[in-house]
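Each of the next two complexes has chain A plus one other chain: chain B in the first, chain C in the second.
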Partner chain A sequence: MLFSNVGHYSLIFGLIISVILILHSIKRLNDNNIILGKKIFYLLFSQFFTVVLSLIFLIYSFVISDFSNQTVYNNSHSTKPLFYKISGTWGNHEGSLLLWMFVLTLFIFIFFIKSKNQPKNYRLLTITFQQIIIIGFFLFLLLTSNPFNYLYPVPKEGLGLNPILQDPALAIHPPFLYLGYVGSSIIFSSSLAALIQNNVNKEWAVHIKKWILSTWIFLTLGIMLGSIWAYYELGWGGFWFWDPVENVSLMPWICLTALLHTIVVLEKKSILKTWILILSISTFTLSMSGTFLVRSGILNSVHTFANDPGRGVFILVFLLALVLLAIVIFFLYQDKNIKVEKKIFWMSKETVILINNWFMMYFLSVILVGTLYPLFLEVLTNNKISVGPPFYHKLILPFLVPFMFLMAIGPNLKWTKHNFNKINYQQILLLIVALIISFLIANLNGVNLLFVTVVIAFGFYLFFVTLKDFFEKKYNISQKLAHFAFSFFILSVLFNGIFSTEFSANMKIGDKIHFDEGIIKFKKIETYNNKNYKSLVGSFEIQDKKNNLINLNPEIRIYNQPSILTSEADIKTSFFYDKFLVFNILKDDNFFNVRYQIKPFMLWIWISILLLATSGLVSFIKKIK
Partner chain B sequence: MVRKVKLRILFLSFIFATVVLTIFLILKTFEENVVYFISPTEIKSLTELDNKKLRVGGMVKKGSILTTQNKIDFIITDFKNEIKVTYSGSVPNLFSEGKGVVAEGYLKDLNSFKASKILAKHDENYMPPEVLRALEDK
Partner chain C sequence: MKIIKFLLIVVFFSITLQNYLFGKENKLTVEKISKNLRCLICQGQSVYDSQSDFANSVKIIIKKKIEQGKSENEIYEFFTNKYGEWIVYDPKLNIQTVILWIFPLILFIFGGLLIIRKVFIN
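After this line comes the complex of A and B, so read on.
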């Protein structure tokens, strides 16, 4: 009770500080004193402190199961393990917004400390824009989603957390994703400030690149964690379903990746300024509209904690206001920024980057249309449609061919103008080798999809070229690692998609079934009672064609609060493939629905994404040195 | 200066061409890959069967699941009309009698549906909107 009050007032205090900060920043814009003193530092720090205080009190309320707090009551239960009581703090709408506030205030505080070498007015304007965003979220939190609502009479027990959210990967998935989303707000504010100050130049590019990189790393890891969770917890054995909730996290990622590449062009060549501004604004808009779609209840998923239309409307109005502000500023100041038109030659590193930016925008629009079109259609015509994976695969896969080709040759081109004096036989040789390998693989395994084979060929080509580059030139290791990881990723995903096999049946205890890949035997079921769930552990024996025996023990959990069934797949991971077994209760007729899958290269998919994130980290470390 | 204008026109027409191409591609692929969502009542009102992939949504009728080793039969109802579904494959863990379900597949005739995929939302309180409306009408 007391804690809830302190937490609540602390947030109001934080909101007041925001207003003071904006007024102070605007006042300081016109004075001649170029040093920003301790005042802003203390204000930013106390704002961060108020949010930390609220967050700690909310976590504490969850830990002690204080059910007088409505958020705790709705999302926790006294028998829940301590780890999930803590992670449950952001496993719900209100708490996750508080976490969002935490990241927002932390980032602007770090920005202030780390931007001492930047022009005074640029820093002040960034703080102002960032505080406008912060005010919006404070109001959103306090008016529509207060995490400290008081309940009386105090309930004896809470409603519990959705068991499929009680998972280690999901405990850290939201914080990572938020670090990514919120990082894009700093990029947004900073690019607007730089635009107004006519500051979009090489120095700014060097400075903002660190923010773009760290945002990109967090977003990459955040998406990966969500994907890993979907793989083992949802029990379907897939890692990406082109579900709208997944798409909305991929869209800002693509935009950010494009930005990451163009900012290098700005750093080296001082061109593409307008395009960079558009990308900065779009990344943030996509992050925000993702939040809007996910939180508003328009998309039905685990992320939709509560279907409150008021919340959706608030975010939508706020988002529109911010975008409008950005557009107005963009058109008011944009002309002043373009002064020099430098010559651009067709064959140069920057043109290749620009063309690949173009492809990324194409991928982005495919995903955007696939995600939004069904929503619009439903509103307009009341027809419900869904757009499945084939739509995305057909539209994206063919374009990966030129995309990966350019990824392979681009980094080895020169800036400004590249002369092809001699034909590079090595490259042609690698391409031929890649083509032969992929056609061999396709032929031996009876894959008769020509264009998939071509995509694989170019995947191999990129793979070989980046591998060769590792040995040839030592500089820019992060770029090489990133492109290498991408080819690795595409190849793993394609092989996974082509060579996955599955078998499913309804089995009773004692059943033995022959299938294409061997024999499956359902030996027994054991029952255990745990603190907040009862578990049924199945014991299966699978004999493959080479007579190797493996035992897999998937589990069905029956949670008591809320009463829900979840299936925990048993996955045997090895270097080349995962063996994935999951089973389910159908009804009380002794039959269990069993699904066995062999998924090749699963581990490689995760490794390649980790490599991708590592490449970002390497570049980041080089930058701060 | 002339060169610059030429370049700009070339660039703009290039942008325009790719945008048109993108829209064309997306719409074309849409036509082939969109799956319509339909309720048992809407199926009953169909005049002719087309062989397009559909999603049928509703509740699994109580007592209707019939399991054998390689298939599951059940009935999807929206409390006004119902349709028989045959399916072989795996089901999500929220698939059970009296709960919401979405089946993807093809219509065999106006009374039976051959499903190739079963989807259930990962929330115990989820109900397909049609069912919700049907329940409210009662």
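After this line comes the complex of A and C, so read on.
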């Protein structure tokens, strides 16, 4: 109880500091002293400290299972392992918002320390805008989602955490995603400040690129962790379903990736200023509206766990206010910044980056319309439609072909004006080799989709070109690595999609079934009693065509608080494929539904995304040196 | 050398082309169809992914329909007639979904025009 009170008041104190910071910043805008003293430093630090204090108290309440705290009562249970008591702190709405606040206040503090070489007023304005966002979230937290609500009489036991959230990947997935989302708020505030200060120039580009890069790395990893979790925990062997909640995390990523490319143009050529501002504002808007859509419960999704319409309205109003603010500032100050920009020569790196943005915006629009259109249609006409994987595949796959082609040749063009001297036979040769390989693969395996074959061909082309460029040292290593990782990713996903096989049957203990890929034997079931769940571990033996034996032991968990059944797949990962086995209880007691899948190149998908994130890291390290 | 390369390519292309034109039809499977149908009682799962009673009975119906020799589209149509558009993940192009399908493409054309203006006309 004491802790809850301290946590609560600490947040109110943080809110007050926000107001002081805004007033102080505005006052300092007009004076001539160009040095920002210790005052702001201490204010930002104390604000960060108030949130840290709250967070620590909440975590502590979870650890000691203090059920007088409503959040703890709703989301924890005394028999839960310590690790999940801690991660359960942000596994719920209130706690995750507190984590969000933690990252918000941490980032603006870091921004202040790391922006010493930037103009004074630009820094003050960034802090002001960021504090407006922080105030919004403080109010949201205190008014609609207070994590420190007090319960009396104190319940003896908590309601427990949804078991499928009790997972290591999911313990770190939200923090990473939040680091990404909150990073985009810094980019947002900073670009508005730069716009007002007529400061959108090369120096600003160099400075903000570090933020763009780090945000991008966190978002990339955050999305990957969520995907890995879905792969092994949701029990169907898929890693991406174009589910609305997955889409809303991908949209800011795409927008940010476009920004990451365009900021280089500003850095080198000092053009495309308006467009960069639009991208910065959009990335943040998409991050925020993602939170809104997920939290409001409007979306029908596998990932919907906690939602409340009242909260949705708050975020929506707050988001609209911020966007409106951004638009007003944009139109008031835009003209000052943008003088007539120089013409771009058609064969140049600038043009290719513009084309990259063109495709990125197309992909973004596909996902945006696919996610939102069914909602609008239902409101307007009461007709429900579903937009799923086939829609996205049809609209995205064809555009990947020219996209990957340009990804291969684009980086080798020169800035300003590329002289096209002679035909590069090496490139043509690589394209031919790529075409032949993919046609061979398709033919040997009886893939009848001409179109997929072409996509594979261009995936290989990009793969070869980037691989070749690695050996020519004059190029930017992080850029090469990123494009290489992307081709690697696309190829892995395509092969995984095409060559996955599966076998499914209802079996009872002692059954032995022959199927296309070998023989599966259901040997026995063992029952274990764990602290907060009972588990049934199945023992299966699978003999493949080459007579190799493997044993797989999938599990069914029966949780006591709340009482939920989950299936834990057993996955044997090897370099070329994953063997994935999951089983489920059927109504007929003796039988179990068994699903066995061979999923090629799963590991490569994760490796390629890690490589992508690494490329960002390499670039980031080069920037801070 | 170049001629050999050229010949090789021609050979490969003709073989593949032949396969595409005269190759066997892709086999229709329960797996393929159930991935494109929504499990109506679940939270955002496909029939393929779900183990619910609803999903299992839909899978049995799909199997029967395939055995009856129904085509893929006929099967989707059967389910839409029974449960409405909500069940298929691939929305049909009609007056209600025209914006859904066309909007990104229009945006793409518009973006292309913007780039042309930026690069060629000033």
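Assume the second predicted complex is superposed on the first by the 613 of 625 C-alpha atoms of A that agree within 3 Å, B and C clash if a C-alpha of one lies under 4 Å from a C-alpha of the other, contacts with A are read in each partner's own complex, and residues count from 1 in each chain.
To be clear about the criterion, contacts are C-beta pairs under 8 Å (C-beta built on N, C-alpha and C of every residue); 3 or more make two chains touch, one makes a residue touch a chain.
A quick note: this is a predicted structure, and the numbers were derived from the prediction, not measured.
Steric overlap between chain B and chain C is present once the structures are superposed on chain A. Once chain A of one complex is fitted onto chain A of the other, the partner contacts of A:432 are limited to chain C, with no touch recorded for chain B. In the superposed pair of complexes, A:440 makes contact with chain C only, with no contact to chain B. Once the two complexes are overlaid on the shared chain, A:236 sits against chain B and chain C alike. Look at A:355: by the touch rule set out above, it reaches chain C but stays clear of chain B. When the two structures are aligned on the shared chain, A:164 is found in touch with chain B, with no touch to chain C. In the superposition on chain A, A:562 makes contact with chain B only, while chain C stays out of contact range. In the superposition on chain A, contact of A:513 is made with chain B only, not with chain C. In the superposed model, A:387 lies in contact with both chain B and chain C.
In the superposition on chain A, A:244 makes contact with chain C only, not with chain B. 234, 236, 300-302, 304, 358, 362, 365-366, 369, 373, 383-388, 390-391, 394-395, 502, 584, 587, 593 are the residues of chain A that lie in the contact sets of both chain B and chain C, per the superposition on chain A. The residues of chain A lying in touch with chain B in their complex are 162, 164, 234-236, 300-302, 304, 341, 358, 362, 365-366, 369, 373, 383-388, 390-391, 394-395, 502, 504-507, 511, 513, 556, 562-567, 582, 584-587, 589, 591, 593-595. Interface of chain A with chain C (complex): residues 234, 236, 238, 241, 243-245, 299-304, 343-346, 351, 354-355, 358, 361-362, 365-366, 369-370, 373, 377, 381, 383-391, 394-395, 399, 432, 435-436, 439-440, 442-443, 446, 448-450, 453, 502, 584, 587, 593. Residues 5, 8-9, 12-13, 15-16, 19-20, 23-26, 31, 35-36, 38, 42-46, 48-51, 53, 84-91, 96-97, 99-101, 103-105, 107-108, 111-112, 115, 118-120, 122 of chain C are the ones that touch chain A when the two sit in their complex.
By the touch rule above, chain B contacts chain A in their complex via residues 4, 18, 22, 25-26, 29-30, 32-38, 55, 65, 67-72, 88-97, 121-124, 126.
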